[in-house]
Every structure is written in structure tokens, then in C-alpha cells.
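After this come two complexes, each holding chain A, first together with chain B and then together with chain C.
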Partner chain A sequence: MSRTIYITGIGAISAQTEESVFSEKSVVYTSNIFQAISPNFKEYIPAMALRRMSKAIKMGLTAVKMALQDANVELPDAIITGTGEGCKQDTEKFLGSMLSQEEDLLTPTSFIQSTHNTVGGQIALNLGCSGYNVTYSQERASLESALIDSVLLLNEKPSLNSVLVGGVDEVSNKITSFGYLNGFLKQEEIENLSLFSHKSEGTITSEGAFFFNLTTENKKDSYAQLKAVSSFNAESPIEVSEKITEFLSRNSLRPKDLDIVFLGKNGDLDQDKVYDELQYTIFPKTCQLAYKHLSGEFNTVTGFAIWLSCLIFRRQQIPDILKLNAVPSSNPKNILLYNLASNTSHSVILLQKP
Partner chain B sequence: MNRGVAITGMGIISALGNGVEANFNALIASQDGITFPEILKTKYTHFPVGEVKTSNLDLETELQLSDEHSCTRAALLGIIAAKEAIKSSGVTAKELLTTGFISGSSVGGIDATEKYYLEYDKSTAHHQFIPAQHPGFTTNKIAEHLNIKGFTTTISTACSSGANAIMLGARLIKAGELDRVIVGGTDCLTKFTLNGFNSLKILSEEKCKAFDDSRNGLNLGEGAAYLVLEAEHLAKNKQILGRVLGYGNANDAYHQTASSETGVGAYKAMRDALEIAGIAAEKINYINAHGTATRNNDLSESNALKQIFSSEVPDFSSTKAYTGHSLAAAGALEAVFSILSLQNNLIFPNLNFSKPMQESGLLPITELKNKSVNYVLSNSFGFGGNCTSLIFSKNE
Partner chain C sequence: MSDLRTELKQSIIVQLNLEELTIEDIDNNDSLFGDGLGLDSIDALELIVLLEKDYGIKLTDPNQGKEIFISINKMAEYIESHRTK
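Right after this comes the complex of A and B.
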């Protein structure tokens, strides 16, 4: 992989807004499941169409339109989507009716909109984009898979002007609440901002959509360079450190060259041990940031950290609410995002100031 | 010159049987695997399906799984097919630690969700299946069981998932990002999909008749198939079964579930596949069509075929009448059939065909045909407008 890739447009919908994070007025939630803040969807999607859309479709399509407007692109060449849990609301609707009506009198709308590629397909349909279109659904590495494909694609086809890549996941009533049953969510209801002070198992969850316009053309006003993305297996914290160091060295960097490391800590006692170890071993002198106390944990939430990184580069400002340590970073150039996808699966994304 | 990416192993389980040989024998005997649902518990027992006639329990026993496993049917089928592919390529346990795994799945383990959904609140008995409905879960179970540790991901583009997985694997090898990768797809029959397709009124109550004027819908199927793709330096000492020579991916951008009449997406996918392969359209000796036997797909695909092969459409057939439409696995199953076609210089018939479609007049191959086959085009189109075409070639 050799070509330089730039992020030239961003669109995000989450439980926070740019204003809430950068003006230090984070939105506070008191349930372990909370929803994204809806923009005025009607500004982006005709009202007639909106009525039939689940939250994932609305959020995905709107984030796409925000990113394209921001990049001043009308029609992308490719659309690559990541979604860990797809269209849960429609799945739940169809599944619920199928079970309660004992396979009788079912209408197809929710089935049609239940497939994991619904959002990717709806984006293509809405934009009239017949280009390359793939949806990845690899649990917490779904967006990373989409990013890996987009880097590959831009290297294969230098002629492409615009690759739209992003992630989306939604909250649904029943399926999301199953998180209380299998240990994914904390048993006790907590306030999101206190996520890292509860020493208990489980996390908090929400939803969102994050889309990015990528191009190999160096535009003056690009947000960031997408230097590299990798997802890898590692069994122990030592192996994780080694693999991260290897990843950095492939990109001609050492851990100490990083200005910021964005950690995917989610407040789960067990999982956070991996992050704690990294904080003390390879990143003790790096400005450490966390974000899931603002966004909640969900499969494509690293999109939130990419979006924040783009804004940090642009605004040259690091909101205090993100900081895990007191190491300053006045003019950050290299940001590493590290996220734990499962006990043995990990992902890293390297962003550089253009 | 484009030599394509070497295929050094393959494995399959479908309604035609367990293993490449069983599938091949059924194909050449024109013996379909279409029956009525017995293992899938549904009230719609009158819809013919391509069901693998082995229960989950028997599959679990065959694989010697422990009692605490959380493999759903798609994972079980996937493990069986991937194991065969690994064995046929001679990949060692040590090599699997650095081998990639890219699997397509549309509904993953939703068969478990529909079974236990109403129980989760009341009992902890099946909580290990709570995340099973998401496609990545199934992929991870297969990778865990086989101890595959390289780059692992899941593609979920409905009925083109398996084909897209093969495409991504080939691209990663070409780019030098991976040396070896197992690619394919898995999906099992579920009440969710059977009821979904029934609500769309596109299931046939007869055995499906792809490209026939009187076609009236598809038969669902299930199965899994995987290929082992390897970089040249690894493949050179192995038997190479065939090559992934070309691939194309496009979106029809017409409707969430229906294909455009002109088949814009299908046309573009085929055109791009030919371009990557670096061959002219007339070089194609056989097309394994998507051919689901719905009114809509076959018309759209026929129009796209006529457009791309302007003078004469090459020999083509849909093998969906053998296996049913196995959704995300379809592209992978049909990749195995395409390779068998190349290896044996055979074209497998399009079963149950009697009368050409009025609109196209196209005649699929209806009897097993022996002829030199050097290039096979395989089509997979899905909901969401996702269209993918692959071109396979002999190792020459």
C-alpha cells in the first residue's frame, strides 16, 4: 500500500454533537442504552421516504450526505459500509411478527429492510451510485474491514475520485436489551460520563453513523491522512504491544512518535485491563484519550473516534472530557486508534495530520 | 499478463451432498437435491427446498464438538466445507495461524435467534446464542474451531456475499497483503428467510425453473463452500485447481429487492470482471448464471447477458435447480461448480427448463455437455442491488 489517502469529508450522527464535545457540554445519559441525537433528517431525506426508514437507514443516509456535502462530492465512485449488527429494528419487527403470528400474514417491508446490506444498498439507491458496493459485518471490526477495503480499492484504482466509507449501527428495543442478559451491558444503570469509575463488568451502548469521503488527491482542506488500518489476532497484552509496535514501524513510526492514542476503553473490568496495560507499557508518555463514555460502546463506534480525530486536527483542540492522562499535545500530528474487537481480536487505525 | 490468483483447495456441502465428489456426482447425473423441509421446522412444508439432510446434532457429532459449543447450523456447515478445502489444499495447522479467512453470510445464526428469541428473557439456557444472528459471529465460530488466525472478516451483501468474499480474497493476494486466504460463504435454511421470501411471494411451490418462460419463483437452499487462494510462491509446488482471473462488483441502484429490467448492475459487474480478467467476452465458454427462477431476476439477467455478449450468449445454465438458492453461500457453491466445469470440461445442465422466455428467447444448456472449458463466468446478484461477477480459468 503506497498511495496517500486523505479524508476530505466527514459526517457523523451519535449520542453527542461536535458542539457538545468541543464546548465541554457533553450530553449526559442515565440509562445504559441511549439513542443518538437525531439531526433534522428532513433536511437530507424526503419526508415520504423517511417514514419507512429505520434509524440505521436514516442515520446512515444522512451521515453520507453530510460527508459528501462536506467534501463537495456529488456522486462517489464506491460505497463501502460496515455494520456489526445491521438493521436490528426491522429484523426485530419481522422476527416478532413471524413468531407471534406463527408464520402467518407477514408483510415483506421489514424483511426487505432487515438484511445487513440494507443501508449500503439504500445509499446506492438514493445517490444513484452504481459503483463498487460492499457491506462488512465482522462484529467490532466491521468498520475496520470497510476501511481496509477502501485503502485497497484506492490503491488498485488510482482513478477513483471518491470512496465513501463508513459504519452504522442502531439500537433496537429487544435485541439491544439482550445485552443485559449476556453480560454485554452493566447490570446497574450508570451515568455515561462516570463509565470509567465503575469497576464492574459490562458496558453501556448506543448507536450512530459515521461516514468519510476518501480520495488520493491532496486537497488543501482535507481533515486527515488515513495512513493505515489493520485488524489482527493477539492472545496476550505483550503480543498486542508487539503487534502495535510492528504496525507503527511499518509506517515508519515508533510509539513515542505518536501524539495521541485513542483507546477504545469501554468500562468493562476485564476488557479494560488490556488498555490499562498499554497505557503503562508502550504509551506512558503519550496523550491518552478515551471516547466511549460519550458515545457508548457499539460495533462501529471507532467511527466516532475517527470523526473526533479529524476535528482535533482541524480545530487544534483536545476537549478535556476525552483525556485519560495529563500528557499535553499542543499540535498533534500522529493519532493512533486502538480498539479491542474481542478477547483476541484487535484493530488499529493510524491517522496523520495532512 | 494477468495469471489470476491460484486456487489450491476447495470444499463444499450442499443439498447435493457432503464433499466435492458427492456434489460432482449429482451434477453429472442431473440429480437435484430439492426436497421438502424436514430438518427446518416450519409450517410451510409444501415449499421445495435444497436442504442438507443432516441434523445439527449429527453435524456436531461428526465434528466432535463439546456440549458448550455455540455453533449454529451455518457455522457447522461452514466448518465442514472449510475443513475439506483446507485438506484438499494441504494447508497445515501451523499455516492456518497466518491464513486469512473471509466468509460471506446473510443471516448467520438467526436460526438460533428464531428458536430462542422468546426464551432469552426467561432462561439463561441459550444465552450463548444472543449475538448469533450477526454474520460475524458465524465467521468467528468457524475460524475458532479451525484455529485460523490471520485476517478475518465477513461480507454481508445478501446473495452476492460468497462471491464478494472470493473477490476480496483474490484482491488481497494480488496486492500482496495476504499470502493465503480461505474464501467463500455459508447460510442455512431458516424460518426467517423462508417466511421473508414467502412474504415477497417469490417462492415457487414447484422445483424452480430458471430462465423458463413459466418460471414462478425460487427454491431456497442451504450450504457452504470455501476455496483456498494462495500467492504464486506458495502455490507453485501445489496442484492448482484453477484461477480467479477476474471479478467485478457494481450496484444496480434500482430497488432494494428488485433488479432493474435492463440489469445495469449485472452488466457493469460482468463488464468489469472481463476487464480485470483481460479477456474478450467471446472467450467465455460457460456462464454459471445467478438464475434464481424469479420472474424478475431471470429477465434482468437475460437482458444484461444479451447486452454484454452482443453477438451470441455463450453456453449458460443456472445450477439453482440442483441446490436451491443458498443466499450468501450461492456464489461460493457456484464457484466450486465453475471449477469442476473447468477441470472436467463439462457444462452442467439447467434443470426443469422447457420453454424459452418470450422476452429473450435465450436457451440454457439442458443436458450435460462435454466441451473444452477454459473460462467460466459466475454471476451472483443480491438484495440491495449488490451484483458481483467472477471469472475462473484453468491453470495455464
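Right after this comes the complex of A and C.
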């Protein structure tokens, strides 16, 4: 039987803040690419270490320190990171130098930091953590893969006091803007809060870092139980419905037992068809929420939904800006997060109030 | 002569992302490593590349860096006598 796992600390950096979302004053962006709101990184990272870090590393390390501080943990036993595209800014810098300097006289920093596991490595170096350290990079399933590994690790070693798991991705000038060319981004610039009213292909994007401290011990300040995580392949909306129902059944739940379903709708006409089907078939009487109009779409953005879910459990408040329907949920206990990772790849995360 | 030192300080600030520092904060005799600016081994590699790229000086023995990268003055003296561009 799987161990009960609790989220006891959270750290998040995104295009929104807790205050902006829960006080119904969401930050508005008018470009399809927007940046995360940076905290004062110097409060978390020494200036000499900070100077060499790209934004992904700064965000990742700061989110980790926020989560550890929140969980009252000094040193984690394990660090598990998900990142879809790693440190894109340094990758761009390195590739730019290769071109401009004809592959000669390349400086080491951007090369070292262009690797995907740099964030996890820098976190470990900064904390002095020599424990288990793994980075998962499976595009939009990167964070989910990291979460699955953290669940397996805690089942294998339930005495671990702190398993840090999270996701981080950053925007960069050129690589991110390629999204206009391949159809990932909407062709016309839109305001983020109107994302779901634009019936066109493509979406909006941003960046962020989300880390969670996991343990098998329920603390008095635990935010949520990480009940189950799964990713699966399905070809049709009907098959998706079946797989979600099976997933819930494995966790002794039926769709109607859910208090909230967090849908990863991103405003892309093609992808949102799958979500629309779920909204009207298996979750018509469930409180439906969406979040990518606030966060933008990126590979590890489900971290934003986990963070919001933790805060909903804690605050017992559901901001109106998230609501897709009018079904009320006064005391949510079960939250399902569903995200479409690609045309056939899907992920589900089940959270319960501790 | 002082122009080279100013130019070096500017290059080091940019190349090593020393965002907190200005040219005025770096004394010509300050130690670049250790208790001075606190640079590290990765910075040393960046400085080796900087010497070659900007002044055409190729250090074949990395240990030479220990003698050259002591301070701005030492770097400038070495550049003045070895530069090819």
C-alpha cells in the first residue's frame, strides 16, 4: 500500500503572486510572452553566487529556500527537479558565442549552465546537500515525472524527513519567440486574462519555479496530501475520460467525489477541445478551475496549479478569476489536476486536504 | 596607461557579471581572488579567454594565471608587454 505523503512547505515564483490571485487583483500582461515576478533574490542568494546564475537558477534556488523555510527544514534529504527546457538563456548565450566567435574562445559559464540539470546541481551546491539528486526533462511531463519519482522514493524510504520536488522553466529572447513560428503561441498579441475568449490556435507563455517539501509525516501546518500522480497516453477524449475515471477509482474516488478539478486549458482551440469534453461529460457538477490565463503555458506549469491548490486548502478560498463554472465548493477536500501534455500524453495529480 | 586599467575593470565587470561593482570600486592593487574581489576558478577561465580574445595573449600554461591575475595592475603590466592586438 502506498504511503501517505504530505506537502509541508511550498515556494513559488511566477507571473502572479499569492496576493494578486487571492485578492482578485491578478497581474495583467499584454504580450504573449511574459516574465515571472522576481522576488529580491539577494535576500536568498549571496551576491557573488547570484551574479553567475541565469534566471532559471535564481528562481529555482529561491523557490527551494522559500519551501524549506516554510517547512522549517534546513537540509533536504533529496532534490528532484523537473524542467522542460532547462536554462534557455545560457543556451542561447552559448550558441550566440559559438556563431559570433566561430566556435573559438568560448567562455565556460554559459556552457556549464546550459545543461538541464544545472538547477538541481546549483541547489545542492548552495545547500550543501549530497543526497539523491535527479533532474527529469520530459517536456510538459517533466514535473509530473519528478513527482512520480518523489512518491517512489518516499515509499522506498519513508523515514526521509524532506524530499524537495519541483519544476522550473524560464523564457529567453530567441528560443521562446520561436513559439510564434511553430504555432505554440497565438499569432496576435492578447491580454492574458482574456485567454479563453480568443478562439484561435496557440497560447501564451511565461516562466516560473515551484518547489514543494514532501514528507510521510503529517505536520500541523501541512498544506495537502499528495495522494497520487499519474501520466498516461490516450488518443480520444472518451479514452481520457475512461483513464481519469480509472485513476480516481484506484484512489477509491468517483468523479462526483471531487470538489475541484483544475484543468490545464491554455486557450489553444485544438487542445481545449479535450478539456471541453471533460467539462461537459465527467465533471459537469464539479467546481471547474483554470489557471493558465494567469500563469501562461510552459512545461512545468502544473506546479502553479499545485501551489494554488495548497493555498486553496489553507485559505479555504477560491478566487473568482480561476472559476470556469458556477458550481460552488465551500470546503474542498479533493482536488484533481488534469493537464494535457501533448496530443496523446496526459497527466493527473490528486491532492487531498490533510 | 590608466586607460588600459579602466578598460580591464570594465571588461571584468561585464564578463564576470559583477553587477554590484563599478569601476571606482576596484582599486588597481586589489586582489582579484581570495579576500579581494573573491573571484573563483571559473572566473580564472573567463579571464584566460578575455586575454586571448581582447589582447591576443594565449596562455599555454594555466599556472601562469596565478602570477598574472593577482591585481588589475599586474594584469595590465602583463598585457602591455605581451599584447599582440
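Simple rule for what comes next: the second predicted complex is superposed on the first by the 353 of 354 C-alpha atoms of A that agree within 3 Å, B and C clash if a C-alpha of one lies under 4 Å from a C-alpha of the other, contacts with A are read in each partner's own complex, and residues count from 1 in each chain.
FYI, a contact is a pair of C-beta atoms (placed from the backbone, for glycine too) under 8 Å apart; a residue touches a chain by one contact, two chains touch by 3 or more.
The structure displayed is predicted, hence computed values, not measured ones.
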| field | Superposition on chain A - do chain B and chain C clash or fit | value | fit
| task | For A:Glu139, decide between first (touching chain B), second (touching chain C), both and neither. | result | first
| message | Output check: A:Ala47 vs chain B and chain C. Expected answer is one of first, second, both, neither. What do you get? | response | second
| field | Superposition-derived comparison: chain B or chain C, residues of chain A touched | value | B
| message | After the superposition on A, what does A:Leu106 contact: first (chain B), second (chain C), both or neither? | response | both
| request: Answer with first, second, both or neither: which of chain B and chain C does A:Val27 touch in the superposed model? | output: neither
| message | Just to be sure I read the superposition right, which of the two partners does A:Ile37 touch: chain B = first, chain C = second, or both, or neither? | response | neither
| field | Partner chain(s) touched by A:Ser345 [first = chain B, second = chain C, both, neither] | value | first
| field | Which of chain B and chain C A:Glu85 touches, first, second, both or neither | value | first
| field | Which of chain B and chain C A:Phe178 touches, first, second, both or neither | value | first
| field | Minimum C-alpha spacing, chains overlaid - chain B and chain C, in Å | value | 8
| query | Which chain A residues contact chain B in one complex and chain C in the other? | reply | 106-108, 112
| task | Note which residues of chain A are touching chain C in the complex, please. | result | 47-48, 51-52, 101, 105-109, 112
| query | For the complex, which residues does chain B have touching chain A? | reply | 42-44, 105-106, 110, 113-114, 117-118, 120-121, 124, 127-128, 130-131, 133-137, 139-140, 149-158, 164, 168, 171-172, 175, 177, 191-192, 195-196, 198-200, 249-257, 264-265, 268, 382-386
| note | The answer for chain A against chain B in the complex is residues 1, 79, 83-86, 91, 94-95, 98-99, 102-103, 106-108, 111-118, 120-122, 124-125, 127-139, 141-142, 145, 148-149, 152, 155-156, 174-175, 178, 181-182, 231-233, 342, 345
| note | Residue set of chain C touching chain A in the complex reads 15-20, 38, 42, 45-46, 49, 52-53
